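Structures given as C-alpha cells follow.
Both of the next two complexes hold chain A, though its partner changes from chain B to chain C.
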Partner chain A sequence: MRAEEKRGAVGRSIPRLEGRAKVTGRAEYVHNLRLPGMLYGKIARSTIAHGRIKRIDVAAAQAVEGVHRVVTGADIRALIPDPHYGPAFHDQPILALDKVRYAGEPVAVVLASDPHVAEEAAGLVDVQYEALPAVYDEVEAMTSKAIVHEVLKPAGTFPDLKHFQGRKNTNVALDFRLRRGDAEAALKKADRVFEHTFRTQQVLHVPLEPFVSAAEPGDGTLTIHTASQSPSFVRTEIARLLEWPESKVRVKVPYLGGGFGAKLYIKLEALVAALALLVRRPVKISLTMEEQFYTLTKHAATLRIKSGVAKDGRVTARLCEVWWNGGAYADIGPRITQKSGFTAPGPYDIEHVHIDSYALYTNLPPAGALRGFGIPQLVWAYEGHTDMIARELKMDPVEFRRKNILRDGRPQATGTVMQDAAIDKVLERVAARMDWGKPFDRGSGTVRRGRGVVIGFKAVIAPTTSVAIVNLYADGSCALYCSTVDMGQGSDTAMAQIVAEILGIPIESITVVHPDTEVTPYDMATLGSRSTYHMGNAVRRAAEDARDKLLALAREVGVSVETTPIAEVFRRKYGMQAGNIIGSGSFIPTYMPMDHDTGQTANATPFWMVGATGAEVEVDTETGRVRVTRLVNVADVGTPINPAIVESQLSGAAIMQLGFTMSEKMEFSAGQCTNASLAQYKIPGLLDVPEGMENEAVDAEQKGGPFGAKGVGETGTFGVSPAIANAIDDAVGVRLTSLPLTAEAVYRALRAKQGNPLKD
Partner chain B sequence: MTPFELLEPRTLREAAALLASGDATVRPFAGGTAVMLMMKMGVLRPTRLVSLRAVEKQYSGIGAGADGALRIGAMATLSALERSPVIRNEAPVIARTLRTLSNVRVRNVATVGGHLAHADPHMDLPPVLIALGASVTTVDAAGGRTIPLEKLYSGYLETSLGRGELIAEVSVPRQAPRRAAYLKCTTRSADDWPALGVAVVLDTLRETEGAAVREARIVISAATDTPTRLAKAEAVLRGARVDDAVLQRAGDAAASEASVIGDAHGSAAYKRELLRVYLARAVRAALAGEG
Partner chain C sequence: MSTVQRTIRFTLNGEAVAADVPTHWNVVELLQNRFGLFGARESCGQGLCGCCTVLVNGNAVSGCLYLAAFVHGAEVTTIEHGAAGRELDAVQQAFIEAGAFQCGFCTPGFVLMTRQLLDEKPDPTEDDIRHYLSGNLCRCAAYPEIVAAVKLAAQKRRAGQGR
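And now, the complex of A and B:
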C-alpha cells in the first residue's frame, strides 16, 4: 500500500482543513464581527516619548455629534483601582495614567456608533504634557538618568523576577546571568581572543490582520472576542483585573490573520473590557495597519561576544553580553532575556561560558515575542562572530563549525545534556545542499558572488501546560476541543491528523472547535513553536483516552471495534444514535529551574529546535545592492506530522526574516516612529523572494514528541541574517555588524575598504 | 477618515466647473490611489470629492496620429496603457516602465492624469514622458491650454495647474527613431518607491554602441523634489561617442548639477553615487535597446 493510501493520517501532507474557507472569504475573523448596539472605539495617542500628563481636555471631542463618550485613564481607574497588566511585570496601564512612556501610547478613547465619528473626535482630544528626559538606546538605558518606570512591579508569576519588587531608579527589568567554568581565566589562557559587537534594529510583526478585540457585557459576565494567541491568559488576566472568577469571563478566538508573537498576552482586551463595562454596551476596537507600529515590536539589541580559541581551532571560552531594548513596557521581554539568553553562545561545545543578558526599559514602543523569541538576534551575533573567527584563522567556516558544534550527549551552557538535537546532521545537510566542498562561481566585473552557511538553535520555553478534549459522537464523527489558535500555521490540520491517526477515522469527520474559554480547555498560549509538542501530546492523550473508552464500550456490548463501525458500538449501547465518549488529555513536560546565580540546570527544556541556513548572494559593487539568489533552510523538526505544512512554515519564517535582514527597520525621530505605514516600512514582496528557495526537514525523531514531532514555526528564522551577511563578506570582503543589510550600508563599507569613505 | 460628499459629473468640463470654487477641501478623484492614502493618513480631509470616472469616454482613449504621436486620455488606466499595442509599438519605453510601476492592483485603477497631476517625484512616468518631450492639454472654465510636461511641476506635490484645471490628454511624440530607457533603483523591497529614477532618450547617428549622440534628454526623479532635466549631463553626451570616459563625465556632471535630497531610501551622498551609476547604465541600456 502506498503511503498516501494508508489509513493513517500522521506524516501525510493533508491540505489545510480551512484552506477553502479562507480563499473563498468564508473564514471567520473578529474584524467581521458586529454586535447589536456596538460602539466603536478610536484611540487618542501620546505625541511625545516621555512626559507627565498635565491635563486632558476632552470637551472638543465630546462635542462632536455622534460621540457617545470619551474615556481617559482616570475613568478606567474608577472602575479598576490598579489598571496595570502584563505577563512579567504589572507595568502597563490600560490607558496612560499620570505619565506617558512612548510616543503612540494610548491616552484616551472616543466611543461612537460610527467609527468615522470616533476617529474624527479622537483627533480633537487635547492633552498637555510636561516633557521628561527620554532614553532610547538599550545600552544607555543601563546608566541613564531618564527612568522609564519609577517603581518596578513584577507580576509575581516568575520566581526570578521577585527580587525586582519595588526596585527604583533603574531601567533594568531582568539581569540574567549564566556562569559555567571560568570564562575570564580561560580567555587569558587562550591562544587567540576575538571580540565583536553586533546590533539589530527594531522591527514589526506586520500581521496582515491588525489587532482587533470586542467586549460584550452580560449579566455579571463579560465575553471578549479577540484576535489573540493566548485566550487562556486573557481570561486569567481580565478576571484578575476585574477581581471576578474566571468563569465569568469568556474569551473567544476565531481564525487569526497572522500573529507571529504580537497577539499574545493583553493587547486591546483589557481596554475593550473596561470600556464595555463603563458604558454597558458592546465595544470594539479595530486598529489600523499604521497603529500596529505603536502596539508591539521586536527587540532591538546590542550584543557583545568574546571568544578564546585554541591553536587547533577549538573554542575554549565565550563571554556574551546582550542588551535587549524592551521599550516602554516589559511585555514578555524578561522571558526572552532569560529563556533565549541562555543560548547566546550558540550551538557550540564550549567549556567556559559567561552570559549576561539584560532586559531594558526605554521610551520606545514596547517589544515582545516575534517569531524566534530573541533567537534571531543571538544567532546574528554568534554566527557572524563564528565566520569572522574562521576567516581570521584561515579555516573553512563549515569545518570550523564541525570542530566546535554541540553534539548529543554533551552539556549545553546551562549544563543540560543535549538530546534529540540534530545539530551535526542539519549542518551537514545544509553544506551538502550548498555543494560546499565544490568550486563556486565568484562572479566578475561589477557583480561578485559569495555564500555563507550558519546554524542556530533554540530551547522551547518551559514548563508550559496544554489540555485537550476529544468528543466522539454517536455516528463516529468527532470534535476536538483545543485552545491552540490557528493563526495560519496549520495547527487545526495537524491536531486533527493526530486524532484521525489514533481513532482511525477520516480527517473530514473531525471538527476542530476553536478557542472559547467556556468550551475549550486551558492552553498556555500559541507561541514559541510549542503547540505541536505540548498540545500535540495533550491531543494524542485525549484521543487515546477516547479510544480506550471506545474499546471498553465495545467490550461491554460484546463487539470488536476492528470489525464493527463506531456508530454500531454506540447503537448497541444506547439503542439508538445517542451518547458521547469524552476523552481528555493534558501535558506538562518535566523541567528544572535554573540556579539564579549560575543559570545551571539539569533540564532546561523539553526539546531543542535546530535550524541552518545557506545563502548565496550577488553584490553589485557599484551600488552595494545585494541580491539573494539562493536561500537554503534545513531544520530538525523531529518527524513531521504534515510535511507540506512544515515546508511552508520553514519558507515563511525564512522570508519573514529576510525582510528583517534586508529592508525592515522602524525609524525614529525623538522617539516618534517616522515610517509607521506599509508605504514607508517595506516588507518583502514576491519579487524579493530568492529564486532558489529550498527547505528541508532532516530525518529526525523527537523522543517524547507526538509521533516523534516537535515545533517548527520559528526555526526558519534563525540563520537568515548572518547567512546573508557572511555571504556578502565572502563576495566582497566587507563585514556588516548592524541590521538591516541595506545597499547603502554595503556601499559605504565597500568605499571604506577602498580607503575612500563616502562623504556626506 | 471622515465622511465626504462624492459627486460624479458626466463631463470633464462640468467636473472642472465643480472644482473651480477655490475651496481646497473640494478635490478631484480619479483612480484614488494617492487620494485615499492621503485621506487615511489624515493629511487630506476633503468635504467633497469630484469623481472623474463618469466623464466622456474619449478621455480614456489611447491612440496614435499618422506621425506616430501618441494621444493618451487622462482617464486611461496605467494597466490600459501597459497593455496597449499602440503604446508598445510607438513608445516601448513606456510599456516597459509600467511593468515595474507600483503593482498590478494600483495600475488597474490609477489613471495617467492622476499619476501626472499628483506631482509626487517618486512617480515613474513623469521622467519618462518628459524625456520623450510630452505635453499635457488641460480643460478649465476658460477652455484650457497645452503645457509641456516639463513645465508642469513647480515643487514637491505642486504643479502649475490652477484650481478647476484638469489634465484632459497627454501628447507624446513617437519614440522612434530615438532610443530610450528608464531605470529605477529601489533600495528596500522590490515594490518600494524608488530612491532614484533615470530616463534617457537619445537621438543617435548610428545604431551601434559607440555611436555619436545627436541629441540627449536626461530626466531624473525620486532623488529630487521634482522630475529634473539634467542639462549639463545632456551637454556632455551631445555630439559625443559614448564610451566609459564620456559616461564618467556625464555622471560627474549629473551628480554635481542635481539637487539630490536624502530620505529614508538613502542619503543624498549615496543617491548621488547611484545617479552616476544608473545614468551610465541607462545610456547603455538605451543604446542596446534594452530599456
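And now, the complex of A and C:
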C-alpha cells in the first residue's frame, strides 16, 4: 500500500456513498421496479379477529373487467401442500386456510395488470366466517379458552422451541425461565420489597416505503425482488416451501426506504412467489400505508417486577415476569422473549434473580422485532421501577443506580461475566451532561419542570453468521459483495471504510454490491445492531485475505506494494490490465447455549450495547401537556467507524422512541385497528423534536469488534420512555406506568392525585 | 371498472411533454408510469408525509392527492430536474454534507420544500425551518441533520455557491 494512498478511512465521518443518488431521487428501491407482463396483486383481508372460514365467493371479483385471477388459500395449497412459514414456528399461512386469526389477515388476492382494477375487485371478494371467541390481552392469553393455534409447529431452527412440537390448547409460544440464586428466599430476607407492574402499547415501524415485493418466474427458477432486511432467510425459506434447491431461488434487495425490524423474515415474499408460479407471470404487491398496520407490529407487553432492597440501598433480589403480546403469528417473538428477556433485571449487579418471560399468541396483528428487540419494553419497566424505589428510599436516583450498577468483571443474570460494557461510564457521562448535581429550575405556576436519567443495555443476538467477498480488480479498484441491507443506517459506507482501511485504497474506488443471493454470500440478516460487528468482521477478514493475496502476488512478481501501484502488480503478472484477486471472510462468534431450566451460560453474547437517556420536561398542570425540552443520549458503541453516522443513528433512534413514548398507539375495537393511517396514528415530525438534542458516544473499545466497533442502531431507543416518565414524576409527582404519555394520561393522573379523578 | 383516458400537455422539468392518462390517476402515477420518474413516491397516500412532493407552477403539492389531469397546461418540476450529469445545487450538496438523510425515501420531498423555503426566505431561523418543513415526515428522524442542512444550504446560497 503506497503511503500517499493511506487515508485512514476508519474513524472518519465520510459522507454516505449513496448521497448523490438519494438527493437526486435516483436511488433504487423495489417500488421503482416494473417488469414486462407484470401483474399487480391486491389483498382481500379478514374483517374479523378470529373465525372459521365458511365460504369464499370470488365470483363478483373475478367478473370485474381486467381481473386476471383471484387466488385463495386453497389455490396456494394446491401448489405448496404445507404453505406455512415463520422463523420460529411454521405457523403463518401464505393466505388464510380454514380460519383467520386476526382482523386484517390476508384471505385472497386479486391479480390484474391495473392495480386500480385489482383493488376494486379485492373489495368484492365475499368471505363468510363463523366467528370464534378471541383473546387480545397477553396476560389473559395465558389462561384463555380462546386458543389461537390448534397445534404448535416449531420451525426446528431453535433447540429451545423443540419441546413445543405438537402442543395443543395453549397460547404460550415460549416460556423462558432464568434462575440465579434464590430470589424468593432473598425477598423474604430483604429490608424493603417493592413491586410494580408496567405496560407498553402496540405500535408499529411505519417505514415510509411500505412493504413491497415482486416475483419473477423463470425456467425452473424464481427471482424475488423485495424490500427485505433478510435476503438469505427469504431464499432459504422460499426454497423450503417450494422444495427446491436454494440455488434456484434468487433474492435481490436494492436500498430500503426504512426497515426498523419490519422487513425481516417472510412478509410478502412467499405470497408473490406462489402467485407468480401459479400464473406464470411476474407479480408485484405494494402495500398501502394502512396495510402496514395489518402486517407487523411491536409487542405490547405487561411487565411485573419485584425487588428486595437492603437498608443501604443495595438491590439483593429481583423477580421479573414478562408477558409479550405476539399477536396471531409468532414471527421472531419467541427469540425476543428469550434473547432480550434475560436482560429483564436491567444493568444491575443483583445476586438473586428469577425471570419468567412468556411469548403469547393473541388475535391481534403479529408482532416482531422493532428497533430494540424488546429492550425498550424491558427498560420501561426496570428504569421506572428503579426510580420509584429511589424515591421511596429518598435516595438520589443516580446515586441509587451507581450503588447497584453492573460493572465489567461481574456476572450478569445469566452468569455471563460482563466485558467491554461501559455501563458506569455511560451513566456518569449522562449525569454530567445533565448537570445532575447542580440546582435545577423547577418552573412555577402551571408549568412545572422535571428531569430524569435512565440506563439500559442489550446483548446482541447470538450466534449468527456473516460472510463477505472482496473482489480486487486489476486497476486497483474493488467491489465488496455483502448481503447486509442498507436501509438507511449507512452500512454500505461503513463496510467500504473497513475495506479502504485494510487495502489502503480510496473509498471512492470501492463499489458495494447490494444483496443478490446469486452473487453476494450468506448473511443471517440485517437486524439487532449485529451488522457492524458481524459483517464488519467478515468484511475485515475478506479484505485482509485479499491484501495477503496481493502481497503474495507482489512477491511473486518481485515488487513491493509499498512502492508499486496495485495496477502495476497485476500488469506484471498478467501482462495487461487483467485478472482479479478474490478475498473472502466469514465470521461467527463464540457462544454457549443457556441451560434450559436456569438460563445460565458462561457466554450469552459476543457484545453488549449500553445506552443512557437524560430528559428534561415541562408539564402544563392545567392540560397535562408534556413538552420534552432536552433529550440527552449517551451510548457505548465501541469505537465508531463513522462518527457522524453513529451520531445520526443514536439521534434517529431516540426520536423514533420519542414517538412511541408520547403519541403512538394502535387503537383496537374488537380486534380491528381503528387508527390505521398517519392521520390518526401520529409519528414524530420536526415540531416534535426537542430543542435540546445531544448525543454522545463515550470513549470505548469493543474487543473483537472490527477496529473496536460494535452495533449502534438500536441503542438510542433504550431509555427514552422511562427517562421522560421519570422526569414527569420529578416535575409533578405523578407516575405513569403505561405508554404513551399523552396529555390525557398525565392530566388524569394529576386529577387522581388531587383526589378528584376524571370519569372514564 | 371503466377507464376514461385523457391527453394532457404540460411542461415537465423544462421540457414540453404530452401523455395519455386515465382520469383517476394522480401525479405520482403519471410520473412513474409515463415518464419513468420515481423520485416522487407515494407513502401515506393522504398528503401527510411529503414523500410525493412535486412543484406545480412553482408550488409544492402532494403528488398523491393531485390528479394528473389537473397538470394539463402547467409547469411540473420534480426532484429529477437538472439531475442528469449536472452539478448538485446548494440544497442537495448541503443535505449530503450534513448527512441529512438515512434511507432517502423522504429526501426528494425535503429537498424540494427546502428550495421553496429558501426562495421565500433566504435566511430562515430555526423556527422558520421547523414550521416550514413540518409537513414532511422522516421516519429515520434525521431531523436535526435536516435543520443543519437547511442552514448550510442558506449559507451556500448567500455565498453564491450552487443555484
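Definition applied: the second predicted complex is superposed on the first by the 753 of 760 C-alpha atoms of A that agree within 3 Å, B and C clash if a C-alpha of one lies under 4 Å from a C-alpha of the other, contacts with A are read in each partner's own complex, and residues count from 1 in each chain.
Basically, a residue touches a chain if its C-beta (ideal position, glycine included) is under 8 Å from a C-beta of that chain, and two chains touch if they have at least 3 such contacts.
Keep in mind it's a predicted model, so treat the numbers as computed, not measured.
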Inset, instruction - Could you say whether A:Met693 touches chain B, chain C, both of them, or neither, answering first, second, both or neither? - result: second
Inset, instruction - Would you sort A:Pro684 into first (chain B), second (chain C), both or neither based on which partner it touches? - result: both
Legend entry - First (chain B), second (chain C), both or neither touched by A:Pro15: second
Inset, instruction - Look at A:Gly123 in the shared chain and tell me whether it touches chain B only, chain C only, both, or neither; answer first, second, both or neither. - result: first
Inset, instruction - Using the superposition described at the top, determine whether chain B or chain C touches more residues of chain A. - result: C
Inset, instruction - Have a look at where A:Glu667 lands relative to chain B and chain C in the superposition and call it first, second, both or neither. - result: first
Legend entry - Partner chain in contact with A:Asn675 - chain B first, chain C second, else both or neither: first
Inset, instruction - Could you tell me if A:Glu622 is touching chain B, chain C, both of them or neither one (first, second, both, neither)? - result: first
Inset, instruction - Name the contact category of A:Lys759: first (chain B only), second (chain C only), both, or neither. - result: first
Inset, instruction - State whether A:Tyr747 touches chain B only (first), chain C only (second), both chains, or neither. - result: first
Inset, instruction - Mind sorting out which residues of chain A both chain B and chain C touch, each in its own complex? - result: 116, 120, 288, 290, 677, 679, 683-685, 687
Inset, instruction - Would you mind writing out the residues of chain C in touch with chain A in their complex? - result: 1, 3, 22, 24, 32, 37-41, 43-46, 48-49, 51, 78-80, 83, 88, 92, 95-97, 99, 101-108, 111, 129-131, 133-147
Inset, instruction - Within their complex, state which residues of chain A touch chain B. - result: 116, 119-120, 123, 288, 290, 622-623, 625, 659, 662-663, 667, 674-675, 677, 679-680, 682-685, 687-688, 742-744, 747-748, 758-760
Legend entry - Contact set on chain B toward chain A in their complex: 1-3, 37, 40-42, 103, 185, 187-193, 264, 266-270, 273-274, 277
Legend entry - In the complex with chain C, residue positions of chain A that touch it: 13, 15-16, 18-27, 29, 31-32, 64-66, 114, 116-117, 120, 205-210, 255-260, 288-290, 487-490, 644-645, 648, 651-656, 677-679, 683-687, 689, 693
